[in-house]
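The structure appears right after this line, and notes come after that.
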């Protein structure tokens, strides 16, 4: 999961750790105890569960092992808040996470405080010098960041089910004019390096860095917009079987899909549910909440295709795109493109690629429980690249591989077109 | 639903109304906002939903119609809190009641206060003299009492799913010795009167009072106990197909039933989840949380049968049993039999009968929305008689007809044996 | 199942037996081996299975027990052709009956011949004097007659799924003018006798003959017609929730019902699939293939109700209706009413009653395997009375109780209206 | 689908065509009309359907378009026997193919004869000179060969459901001693050419031939055997969650898998259902009927991995393996390895690879209906390479890409291990 690296020292790590821990609390702050408890669907988890599970991760894998004299907050929580670690014993069934009205939101807050205090003690102890501990802390930070994104997508899923359509944070989104014209950047083929080099933190599934062969391709300068998606819909995109993968078409029929998730038809148009409540649709903003099936059908309709994950990585590398450049989020919704060149590589929507989620050449999952983190999902899913408007600052990078099933769409997922050169 | 009757005057009715309204709040008092929000299963509803729905009933069917100047608390609540009244428009889907994190428990409390105030105003107005209004108030009281029982059975269903096994109210149940010996009372056959005479309140499905023909029968003096149920289990009751109705056997196989709902095997025995948390099983107490399928199989195993609903009613009438005699509940769990003669007719567990839930001769559902209350469920369900340890005081009576599907068992359901004389 | 009785002697019984056995073959004669093999749905069984299962019944319950030296045709058939007798061991799963391509139709024919020969030997032996044997033969005849009816309803279900819409027997049905006007016969209330008296053959579920109490009622002279059903449809019968039982309405929504089973919309009208292929709908003929849910909704729409099974039996008894009077079938489809008084009590469609299928007072299932025949289905089903156009001659009678789930409609099921007097 | 090529002339093509057509009939010859009609599962199709669908392909795409005066055999067959061509209109639902008792096996034979005659006329006409026609004929041959394999796997699926366990062709399989020791061949990395060059026939999904980058690897000399699979089972392979992909483990739990499909536990061992009936398991023969999930778990247990499809292709190319070398099948079951070097590349079981089924760089589906043949399935499936014991002679090749979902196992599917060099 992590390779030999310079973590910037224990102090810097501690600072990042406690900022991350605090940020989770801030995301939950607008939510009532009830909002935090309920599970919108089997895909989603309750806010409280995210807050407790990320805490359990630090307690189980670090404090219990490494902090002498640490007292487990409540031994029953191992059963409640283990997600899917088969090595860590029996656990509460995933579809029933929303039934955990106890422990309460307050008790989970106390649990967090208890574990945070343990982490403070750890940093005050000689253990905090151990490279293995620092690596686990780094993993814990990144793990919690992932759950911060899920917390937001899951609360959106919950609020979208409510007849009251509540906003996580009220805000009026204003449309900001037209999207820039679609243009194409060309890239050469050849053997290039891809994947994570282990210098800084990266997940195990991004490694090892390895040679891969590209064929010449072109990449769109920006993401596909809501306006372009409307054109697809208006052209009968959801009714033409021949635009779709067979599995996708079966899904469209069965689920009655006719627009992206969270779009609702209104008198004379469409609106969409967002973290800021129901909003008009901004034609210039990137389309979000579309499945791989839909992204693939759109690309076929447009006479283009989705990029591979390596095309995406190479284009991002050459254009100098970087998740760290983007401004701290104030709006939690995708925004229209700005600037020149390849834009919107990070910070708006995760971008579906045509690459199935498979191991890289030479990939080996780490030993122990963290080895269950990524490797066991390497079948039947598709890779998404970039990051989204709800990805925490500094969490993503060029080599980051997100992955979901081709029918899932409750994440902030969109697409960028590519074509053969 | 109600027939010409003497309601005891508007003041007495108002007193009962506000006591009933307050009692709902008391039942919810031990529960956190989270506990009140979550839905354990499709059969069950959240506490908050019960509190709001019963309130909506008064607002929708009484205040909106009858109180001049009444202001609807929130017009969106009609969508949220309508249960199944087709005449009252579209509504939130039943399986998603637990997704309603908004309105909050506090807002629902405010809703209740608003409607209670409206009801106070109504009683201060000339409208409270109108017979039709008084009838609707009476219905509203009885409706809310039914939901008080459901509130408790549903919170038990929720807490039983929790790995923490919380108690609604902590209490240690002590076993109290042996059950009295099983004896049999004989009853003659002949044409008898059954059903509600309309003198006081009764649901529409209890009427009209009518002649029915009984054949001579005998009825057990008490309910079947946990100890007797253990004997059935130990004798392989859940493994012998020939003891079961075909549908019942299919259910046993599919669901893996091998004990009543809420029983859990422990080292060397069985315990059960109750409203007072996990408890030892009292062999002398009546068995609860068994389905019709199980009750029927037990009776066959015992060489007896279940009574018909008219046998039950006649036996109760002749033995002078009465729901109003039983003491106010302090424990919310069935208790061992005490006394002589036919005992435990009310106040421990609802008693499955072999009668399918069908209309009485001459039955007509009332006009309007309340006509949807009972009649539309008259197929595929079985009648239960008596009342349970969580039925509100004064709610049940000799002619009361409860009804559930033969596989349901989350209510406090048990059985009493009968046989042909 | 059978009570003390005069069977008309062993010779007459033998004659009926072999005529019944031959009739099954005649019903299958128009069908190819493929037609006989396939299972249309979980409710239906293949023709070949019916032919073999009825044969297994004679082999298993009679020849194996009573004919010295009888050789079992193939010991594996006990597994293949046991329907649901838990006492008779493991068996092939019901939903997979259509996967039994082996034994072939020819082998099943040989199986039938082998068992018929065994039955001939039995009649030539002293065993045929034993009352118990004669009773079992009688049961076997009636059992096979039931499967003759199922064979036809199941082949119709199969052919209705075929894009080629084959006819079991080609025939052009001609409409024959108007139905007679609807009139009402009045019947008094009081205690009457109902159920089978045991003089001749009857199923166990028809007994014991017992007193039952009727309330005054009126019964329609004839069955509800296709034309009347069209009026119900045209009046939005399938779209008005308030006409339906709650379970029925849920079913209508889920299944998309908007007409009886086998009706197909055509340019400007409706046609229906029958055993004689696709036919125009005769407005004067009785409606068939409607569920209890639909029958109940129709009755509510018409301002009437369905009769109870005892009202039906009493009306039939007093009007002198008798299944044996009807002419041998030449058309296998319901026909318009003819004559005066209460007509169409037998021979067109089974008639839904509002009576749930429950045991009669004093009912006891017989000992042994035949005890599984009827009793174990006594929950969640509704009683139908009369007989249908595909019921074998002489099979039904005044006291006959057919039973199906309220959503089933692949049998020839219709309705007759009743009302309180 | 086909590229510019030399087809060996119209006469040779005609010879291959009619041999292929005749071979389908031979495969069906041991089967009764019933066997040919029934559908074992949604994945499988009836024999008769295969025979008719392959015929429809020639009629619909060639004779109707190209043979002047050709008379369609039965216009209703377009509805019955279209598989999944959205461009060709509405069609009979896949899960109901087994309900098509009509047309009969005899009629389908007549249909085949009619179309064969049409094809003879076509070859006698100038149309047979048209390159486009020849290409379509070639596609039709290959299409029918694919269905020949499916016909056999589907009849095995059907017979495995039968309590009689019939053999498609009776044969006693004899175990032939030990498997050769497992050895490893090393292969260099680098950019290599992969995919079909268009010289002879190939499916569209094998093209275009393109550069791909290999990393050094080693490949096992032979397939994994039944004996090795037993060792995996005996070591608790089906019980250890950590050996499995998460989706795979969920599948194992849900389906209760504990051995390959068609294995049955016997007294003291295991037997397996085959096309030759129930047989002892030959420890030296390759394991068959395992899913991708199982193959992947086995490889993890063995400390190895599955090869990529390009590793497989390169290894096969360098070792000179060729589907055309293998002897004509006499046994339709996988056989123990014989010979030196990389063996069993073709003719025993299809070999799961770790490559997801995706388009090659530059892939374009052909225009028209044949464009639906492969491209629309390019998601969520895994590539298998080689060929199986039931693949028709001459059908497969080095570049052939078979594909199935990771849970499917009714095909002759097995595995060969690989590892990083």
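To keep things simple, chains are lettered A, B, C and D as they appear, and every chain counts its residues starting from 1.
Here is the rule we use: contacts are C-beta pairs under 8 Å (C-beta built on N, C-alpha and C of every residue); 3 or more make two chains touch, one makes a residue touch a chain.
None of these values were measured; they are calculated from a predicted model.
Common neighbours of subunit A and subunit D under the contact rule above are absent. One inter-chain figure worth recording: subunit A and subunit B are separated by 46 Å, centre to centre, where each centre is the mean of the chain's CA atoms. Inter-chain spacing, taken between the CA centroids of subunit A and subunit C, is 59 Å. For the pair subunit B and subunit C, the distance between C-alpha centroids works out to 38 Å.
Chain contacts: subunit A has no residue touching two or more partner chains.
Chains that are in contact with each other form these pairs: A-B, A-D, B-C, C-D.
Residue ranges on subunit A touching subunit B, taken from their complex, read 32-38, 40, 48, 76, 79-80, 92, 96, 98-105, 158, 161-164, 166. Residues 84, 86-87, 191, 210-213, 215, 241-242, 244-249, 292-293, 296, 354-356, 358-359, 361-362, 372, 376-380, 382, 406, 420 of subunit D are the ones that touch subunit A when the two sit in their complex.
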